[in-house]
Amino acid sequence: MSNDVLFEIKDLEVSYGSIAAIKGISLKVHKGEIVTILGANGAGKTTTMRTISQLIKAKSGSIKFKGQELTQLPAHKIVKLGISQSPEGRRVFGILTVEENLMLGAFVKSKMNKETLQWVYQLFPRLEERRKQLAGTLSGGEQQMLAIGRSLMSDPEMLLLDEPSLGLAPILVKAIFEQIKMIANKGVTVLLVEQNAKAALKLADRGYVLDVGKIALSGTSAELLASEKIQEAYLGKKS
Amino acid sequence: MKRTFRNILLTLFTIVLMAGLSWADTLKVGVQAPITGSYANEGQGIENGVRLMAAQINAKGGVMGRQIEVIVCDDQGTAMAAAICAKDLVNKGVAMVIGSYTSTAAEAAQKTYFNAGVLQTSDGTADSLTEHGYWTFLRNSFPNSAEAVFAANYMVNVKSYKRIAVISDFSSYAAGLAEATVAEIKKAGGNVVTYAKIKADSQNFTPVLTNIKSKNPDVIFFAGYYSDGGQLRAQQKALGIKADFIGGDANDNADFAKLAGSSAKGALIINVPSPDALPYEIAKTFIADYQRTYGMMPPSIWGLMNIDGMRAIIHAMEHNQSFDTKKAADYLHNMDKPLEGITGSISFAADGNRIGGAYVVKEIQADNSYKVIYAQ
Amino acid sequence: MKNLERFGFPALIVVMAIMPNLLNPRWQAVAITFLIFTVVALSQDIILGKAGMFNMGQALFFGMGAYITAILNSQYGWPLLATIPVAILLPALFGVLLSGPIIHLRGDYLLVVTIGFNIVFIQVVQNNLGGITGGPNGIFGLDSLSLFGTQLTSQLAVYYFAFAVLLLTLGIMRNLEKSKAGRALHYLREDHLAAESIGINTRVYKIFAFALGAGIAGLAGTVFATQYSAVSPEAFEFIQSVLFFSIVLVGGSSMPGILLGVFMMFVLPEIFREFATWRFFIFGFAMILAMILRPRGIWPATFGKIPKFLIKESNHGA
Amino acid sequence: MDIFLQQLANGLTIGSIFALVALGYTMVYGVMKLINFAHGDMVAASAFVGLTIYTQVMGQATSLVAVIAIFFLSAAVMACVGIILERLAYRPLREAPRLSAVVSALGASLMIQNGIMLIWGPQMRIFPELIPQVYWDINGVVISLIQVLILVLSLGLMIALYLFVEKTRMGAAIRASAIDQDAARLMGINVNRIIAIIFIIGSSLGAVGGLFIGLYYRGITFNMGWQYGLYAFIAAILGGIGNIPGAMLGGMMLGLFQAFIAGYISSTWADAFTFILLILILIVRPTGLLGERVAGKV
């Protein structure tokens, strides 16, 4: 694991109108790492992800990627810098075909990278089988694969995954997490937001725990797995 | 927010103050005409004519020493705006109202003028205008019924058409003229194969014309206005309907030929003579003045008819040496000698109709000029 | 805001009660127009603002009331005031019949369908259905107001008639706020699903609001027919509905906002006659500007009464 | 049969104009969920712009080149107006309550309509006869050159648009923006630019429609936009709003429907029947004939 910081959030605050959603968080992601953000519903995980992609504008604080400040950029410029997000709820384009969805994933590229497409199909063979099918007709698991595949099409340096396990059967969750591992092994840095703390920590190098807009805990996966608080709150074990 | 509220109150008080202003002693002449809308061209012609005539009279010292003050209200050629105009002009204290161009607008305003004892003179040709028995109304054109008789005679006896199609829109003028013409055609022994109605300003008349085509007429008589007539003529040609086209008087406008384009040639229009064809000395002088003042010809004879109506009323007042409108009307209904007018001699029957009639049939030439091919 | 309600309104009503005696006939006519259109705008507010239904056909009910009065007066010789019950009930009934099948339609569609009703109405009267509407010319020459056999020919009488109708409308709206129906509409606006789950029959209340708005607009139509002694189709074209719709939204669905909107639209152009041709251009510009600067209307309804449509919803697609 | 075929030809001509205009509504609605009430008035404005370009810029030349130039110049002018309209009247309201944008659109409509009146006057303006009056009589059915031109050009433009939207990357980006703007942004799509493109395309197609109206009917008035705008909007809803082939189908259907109603029943009841058809379709099939392409909610 290298030590260069690829991505850094400092004192980030986000609010919806007068309601503060993120109350000053800071975190770092190193190149090649898998970092997970854990937290309950409403803790501010998705808000953080949407703010990184500039779908929401920060009230204050900074978000830096490879030294470049993101908070002043419009949303569509973020992908080109090398940050791609697979959003919460998948948000695939339902009335477009699988192939068109993937093509749009590569929208910022002047030409779609054929090798990337091959790799995505290799990761998720189901997508290749269904490439002419409308995305809306896929099953939940397949849509999740498509959402991840789509976000890979821009050849990102850092991948943001927002709740990829949401609403999936345990067996599919396992498969998806294995595939995330494979993506990381290819050298893509991964920032993973999860409620499924156990699975996420098994996969990740480090983690942050978000609680009502603040970072409550952070550390390596091993440390967090061992932490009593985590055990109580997220892993459902009584100490 | 409080300031806004205060402003409302302030404005209301301003209104109250303005109400206190009084008017100077003038003879107020109202103009009710379509200054905007589809017939704006004609409406502005009426306004221009009245203003010019008023200026000429004022230059000679006014009417019995009073200067004429012209007050214009735009009725847009519609009934509702006309009803509002009528109230407005009456409230402003006019003694007479010149206009309006469309029968619909004239009719909508009639009762208000009658109730207020304000004289109204209009070129509206709908027969219904003189059927209410309002002594305040003086028609300065000739009624539809006169035109219907002429048109029916021309189609049945002069041209011997065997199959006649009649089209009108829904306005009281057009429907009145069309119905009167249909009745006169039947009286003369002619054959009306279809009587269709169109929606004015709807542009697409091909569905109706397609139906007419299937009736195979040898003439189409259109009783509506030029803005629809020109398009009807163009679409008639485009559908390959070989019938002759005869437009009623409201088609007598330069825009008819422009709208019909290359299809205009050969279309016939029934009307009284055009301004430039008026043989009277008084007409030539006034039209020359009009051209000098406004840099163009009057749009049609209708504006001039209205000027004749205005001249007749002022003539009556001067004759009576009184501004009393009832006396003026009584005089006009019983003139022993007609007044020489711009559009020919002018006198009125007891019901307010102008006496006489001088229709011609004009054919549109290749250069869009008119050629009179038949006269009454 | 409280002060405004306590002192502003009574003051305004006193001014309105005294004012016409000080005006010349022309401004009296303007003032009557103001009153009539205020009532129509308020009736539109019941449907659009209070019940949250996108209705862009309010001129239909307004016109229906005016036509009923005109027809009953000119064809059957009813005194103008005697036509009032019919001019209220028939539009209200049509409100029920028309809104029934479409109440569930999505907002934008409701907009277009109500425009459609308005246009169908215009065609019906233009085509002189049943030979009683007078076709495109409409009906002219109605009688003057008469009460217990006395002819009230002055404009002042019409003014106070219109004023009484406005007061009645204000009274109805005030009671609506407090009544069971008003509370139901309030809950409906706040949270449709929650309202349904606590047993409010949303359909019935929405139709009720439609009928009430239609009935009041019909009554305003009677005043309109009285004032102009005439009715004709173009006075109730859907462009009029667009104006009422806009007045409610630009005003912010509140009493002062609506008064302000009607004042700007119908009275200001009378004061600045030379700008009459610019009127719609300026009004269009003002509508855009007002929405950009104050998206909830110039004078939004007070907090807690904010209609549902004024609250920003998320526009994520599914 | 002659009458039927003739009405068919009439209906297809006016229907293709409706369709061209409807595309502008449906594309804007698809992406912005906004009824662009000003679109009809833009169509009217383009006819006036075209007429002015002909008289002032072209010096009244009647060559084929001049006619083509009028189309391109008017489309360009209207595309600019469309972009300005979006920037000034709609973009500031992107995040505002839904109805605020509707009111703004109505305001824009009033402004454009009365702007035309202030610039070109309230009276009818008349287009010169730029397309020669050539007719073909095919067994009693008369087809004119201009009808053929309108039909062929409209179909050509619609097919081109369809291919652009369905087959190109930018087209996919437009569809993606219509489905989910945030997800589109996550793909690196500049949604503002997509909206600008949509206004350019919609306004240009509307401009072509406006010029067709001017060339075909010749008389143009400042307030004619409402009528065409309303019909076109109905066409868009009939086909399923947001759905591009739907708008084309809806426009053609509405043109035919009106021709047959006016031809066989009554021309004066055409509007009423049109709306009754619309209301019935909405009650039976609330998302239009081909269905909506976007899941919108109000």
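We call the chains A, B, C and D, going by the order they appear; numbering starts again at 1 in every chain.
Basically, a residue touches a chain if its C-beta (ideal position, glycine included) is under 8 Å from a C-beta of that chain, and two chains touch if they have at least 3 such contacts.
Predicted model only: the values in this text are computed from it and were never measured.
Q: Taking each chain's centre as the mean of its C-alpha atoms, which one ends up farthest from the centre of chain B?
A: Most remote chain from chain B, centroid-wise, comes out as A.
Q: Where is the C-beta contact count highest, in terms of which two chains?
A: So the pair of chains linked by the most contacts is C-D.
Q: By Cα centroids, which chain is closest to the centre of the whole protein?
A: Closest chain centre to the overall C-alpha centroid: D.
Q: How many angstrom lie between the centres of chain A and chain B, each centre taken as the mean Cα position?
A: For chain A versus chain B, the centre distance works out to 76 Å.
Q: Please work out the Cα centroid separation of chain A and chain D, and write it as a whole number of Å.
A: Spacing between the chain centres: roughly 42 Å.
Q: I'd like the Å distance between the centres of chain A and chain C, where a centre is the mean of that chain's Cα atoms.
A: Using C-alpha averages as centres, the distance is 53 Å.
Q: Can you compute the centre-to-centre distance for chain B and chain C, using the mean CA position of each chain? Integer Å is fine.
A: It comes to 36 Å between the two C-alpha centres.
Q: Hey, what residues on chain B touch two or more of the other chains?
A: 36, 170
Q: What are the residues of chain D that contact at least two other chains?
A: 117, 179-180, 182, 268, 295
Q: Which chain C residues sit where two or more other chains touch them?
A: Within chain C, residues 126-127, 277, 318 contact more than one other chain.
Q: Can you name every chain pair that touches?
A: Touch list across chains, by label: A-D, B-C, B-D, C-D.
Q: Taking the touch rule as given, give the residues of chain D at its contact with chain B in the complex, in rising order.
A: Contact set of chain D toward chain B: 2-3, 6-7, 10, 13-14, 117, 121-124, 126, 128-129, 133, 135, 137, 142, 144, 146-147, 213, 217-219, 221, 224, 227, 258-263, 267-268, 270.
Q: List the residues on chain C that touch chain B in their complex, please.
A: Against chain B, chain C makes touches at 1, 4, 8, 11-12, 15, 19, 22-27, 29-31, 126-128, 135-138, 140-141, 228-232, 234-235, 256, 259-260, 263, 267, 271, 277, 299.
Q: Report the residues of chain C in contact with chain D in the complex, numbered from low to high.
A: Its residues touching chain D are 54, 101-102, 105-109, 111-113, 115-117, 119-120, 122-124, 126-127, 239, 242, 245-246, 249-250, 277-281, 283-288, 290-292, 295-296, 309-313, 315-318.
Q: Spell out the part of chain A that touches chain D in their complex, as residue ranges.
A: Touch residues, chain A against chain D: 50, 53-55, 74-80, 84-85, 87, 91-96, 100, 103-105, 107-108, 150-151, 154.
Q: Would you mind writing out the residues of chain D in touch with chain A in their complex?
A: Those residues of chain D that touch chain A are 169, 172-173, 175-176, 179-180, 182-192, 293, 295.
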